[in-house]
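Each of the two complexes below includes subunit A, the first together with subunit B, the second together with subunit C.
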Partner chain A sequence: MIGSAVLYALGGVALFGMGLYALLAYPNLLRKILGMNVMGTGAFTILIAAAYRGSDAAPDPVPHALVITGIVVSVCATGLALSLAVRIQAVTGAAYLTPDEEDAP
Partner chain B sequence: MTTVLPLIIVVPILAAVGAFVLPRWSFPVALVGSLATVGLAVALAIEATATGAVRHTIGGWRAPLGIDLVLDGLALVMVLLTALIGLAITLYGRGYFGRAAPETEKGRQAVYFWALWMFLWAALNALFLSGDVFNLYVTLELLGFSAVALTALADKPNVLKAAMRYLIVSLSGSLMYLTGVAFLYGGFGVLDIAQLSSLTRETPALAVAAALMTAGLAMKTALFPLHFWLPPAHANAAAPVSALLSALVVKGSFYILLRLWLEVLYPLAGTFVPQVISLLGVGAIVWGSLQAIRQTRLKLLIAYSTVAQLGYLFVLIPILALERDNTLVLGGVICFVLAHASAKAAAFLSAGNILQALNDDKLSKLDGLMRALPLTVTAFGLAGLSLVALPPSGGFVAKWLMLDVAISRGYWGLTVVIVGGGLLAAVYVMRVMGRLFKQAAQPEVLSALKPVPRVMEFSAFGLALLAIGLGFAGVYVLRLLEIGARAVAGGG
Partner chain C sequence: MPKIADQDEVRLTAGRALLLGMSLVLTLTLAAAVLSLPEDQPRLAQVALERLPESGVGNAVTAVLLNFRGYDTLLEVAVLLLAIIGIWSVARTARVWIKRPDTPILRAFVRFVVPLMPIMAGYLLWIGADETGGAFQGGAVLGGMGILWIAAAVWLPQRGGRALLRPLLAIGLLAFLIAATWMLLARGNFFEYPPEQAKDIILIIEGAAMLSIGATLALLFVGGAPQKEESS
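Right after this comes the complex of A and B.
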């Protein structure tokens, strides 16, 4: 019988892996950005699992503080990635990372 | 306890905000911010040499929820390096962006450059001074975001795509690092590096954390074979940004990796992980140098040289993790960081001057530039001297220390790689220098050159002098590194 903390941690690891797979496998930038968000959620889930201190004890507040900070960072990252993707679509016509063309330096 | 420690992070952030909200005044604000930050770095150096390592608890909130800043010798050397190179970049940026009004495209880029560059400086200082592994994650992200945004300044397809690749690599690296932090906290219950240092043992949690954090940081430092994102980003960015990325930004993630192996992950020193890092470092030296030799554009050549030179930083990690208290081993690595940072910044700024004058950086167009741009070409030559590690230069002292470590411990393979890497560097540096000193094939090209502002030539030259001058400063660097070597745990 595995405890719920371990289950959460394994779930986090699975999310992290799925996000990483999406990031590597899909050429579309929006999917890559979503993949990065899923990866982040996986990392946060592992942190939350680390807060578990038994069924009758209050959870450790430190990982919660870390996750809140992490979510703020993740929102900024998503914003930056989306604005870059929008510019790439505006300049190249597609939200994909195509091989570089020859242009003047 | 009063200290100026927090100010060295606060001042550049204020300058960044100021440069952004006062677009007409962005350069003066950034200049004042730069000068103040340099002054603070010098003040910290005086404070730390007088009293030893400094530890500051922000707002009086103690760990684990509070944030501790720690200034030891290693952090101080990095802060000083950033200050010296940062000042040169600020001056260069003035010449590069000129006085364009904020309404024009160039003026818009200038405002963003000044604001983001000040943010980047704040992120670097915060990273060097962070005392716990989670704040290192936050500063790592701040550094990555400002670096990516700076890369994307020029609104061209290849630049934007390079910035996007950079962002993806940077974010996945940081998330791997963060997952490693979760395993460290789960395994040992603390985040503070000094506390972790006395608690870590060879456990499965530490092994998982080590694998995740090392892989993530190696990716962000462009360790071969995860270097694919670096050359397009560093070569396509604006000249002052290229210099920042190659000289300072990659050193940020390397600094964390170094600290982790010195202070947290060292129980794993005997395992295969540090050996793998070292082997990949060797791979980087060989592959990066061969690629640099093959390039036909100057900025790409310099970028691949960065891939090669970053390899040297990793080859001594196994020895460092085993002999944590040996300042000489650490000194070799840090001297290399300093030498590469100043030489690479000088090389990229010189390349920027050449690009400005020629509007092109193809190697085949560089013939005879020595006559037209003597100061810039001399700067590139001096930087090349340090990259090849000829005496007297910072690169020479660094490699001398590294060779001493390798030979005295009987690592003959490593000795061959360090010497051989210098020979390969000589080949790609000579490919450029041979062109620059050649008799010009088309003299009319030289007479049609666009003027290069003097401040751009002088700042490149200043950094090149720094790269050479470091050859005489090895002893001082070692002395600084001894400040508070791992003795900061209980301070306050």
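Right after this comes the complex of A and C.
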């Protein structure tokens, strides 16, 4: 990869890691959904950068096509996740993953 | 039940420190993997670019999306439909309640801008065959148009509108399936278009997919099954 592509790919890796931590560490469902989106954005950035490999000038169209597909799927998954979070709040009164009774302090 | 303030706590506890460490290890491993990607390996790009003339379109990304890897896009359009079915199943009422705006400016702006958006979407779809553009970009413009409509209360999805919305949501998947099955019967292979008609077939599928993508994005914004309009 050329210099700027390496930078974008590493930036994507960092986004992926930060999103993963937010997804795992926080019980708030909105934070989890945001974390999932940041992770997805990181994966797309890595894929876009990975298309600029090799000596020929044209970027690889296959990862680029995967990314455009992935963005739309990610938007839809986010919409469905938000609907589920709203429903969880309507049923339990809180948009959180509450700890099980035996785990509660 | 713990107080909400506790749940919003972002302090670094022992458990979170462990998660942070594990996330860091995974991130560094991924970074090492990215840096060790082989540079001059034979790539799919060579095959894709060599056979571009057979795809019927000049834009390599469109060729991959609609021709070489049509399966991916077919399943993606199915995911769009599934997301809306899922949302309509869990959310009986819309998440956004729009009050009719008391300023005429928003509505006038929307009435001025909205007619330009289908033209732009159509242009993006057409140019997508050879340049940057395509069904997803056009669909995003149409989705934006729907959201503007809904936000300005020019048009609100109502229960009665489902008869129109359902075919609109499904037409992309239907067009894809019909084209793929037709090719299976006529040529013996799923998604194998004859090169001389490939551009027409791709544009028809893309047009249908664009309508479905636009309708899906706008209804994702509503976030619930269309209901009867409130009397207020």
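The rule is short, and it goes like this: the second predicted complex is superposed on the first by the 92 of 105 C-alpha atoms of A that agree within 3 Å, B and C clash if a C-alpha of one lies under 4 Å from a C-alpha of the other, contacts with A are read in each partner's own complex, and residues count from 1 in each chain.
Just so we're on the same page, a contact is a pair of C-beta atoms (placed from the backbone, for glycine too) under 8 Å apart; a residue touches a chain by one contact, two chains touch by 3 or more.
Owing to the predicted nature of the structure, the values given are computational and were not obtained by experimental measurement.
Of the two partner chains, subunit B is the only one touched by A:Lys32; subunit C is not. Applying the stated contact rule after C-alpha superposition, one finds that A:Leu47 touches subunit B and leaves subunit C untouched.
Residue contacts after overlaying the shared chain place A:Thr69 against subunit B and subunit C alike.
Comparing subunit C and subunit B on the residues of subunit A they touch gives the larger count to C. By the touch criterion stated above, A:Phe16 is placed in contact with subunit B and with subunit C alike. By the document's definition of touching, both partners, subunit B and subunit C, reach A:Leu84. The residues of subunit A shared by its contacts with subunit B and with subunit C are 9, 12, 16, 20, 46, 49-50, 61-62, 65-66, 69, 73, 76-77, 80, 84, 87, 98, 104. In the complex of the two chains, the subunit B residues touching subunit A come out as 64-65, 134, 137-138, 141, 145, 148-149, 152, 155-158, 160-165, 167-168, 171-172, 175, 178-179, 181-183, 185-186, 191, 232, 236, 297, 299, 355, 359-361. Taken in their complex, subunit A has these residues touching subunit C: 1, 6, 9-10, 12-14, 16-18, 20-21, 24-28, 46, 49-51, 53-56, 58-62, 64-66, 68-69, 71-73, 75-77, 79-80, 82-84, 86-87, 94, 96, 98-99, 104. Subunit A meets subunit B in the complex at residues 9, 12, 16, 20, 23, 29, 32, 36, 39-40, 42-43, 46-47, 49-50, 61-63, 65-66, 69-70, 73, 76-77, 80-81, 84-85, 87-88, 91-92, 97-98, 100-101, 103-105.
By the touch criterion given at the top, residues 1-2, 4, 7-8, 10, 16, 19-20, 23-24, 26-27, 30-31, 34-35, 37-41, 43-46, 48-49, 60-61, 63-65, 68-69, 72-73, 76, 79-80, 82-84, 86-87, 90-91, 95, 134, 136, 139, 213, 216-217, 220, 223-224 of subunit C touch subunit A in their complex.
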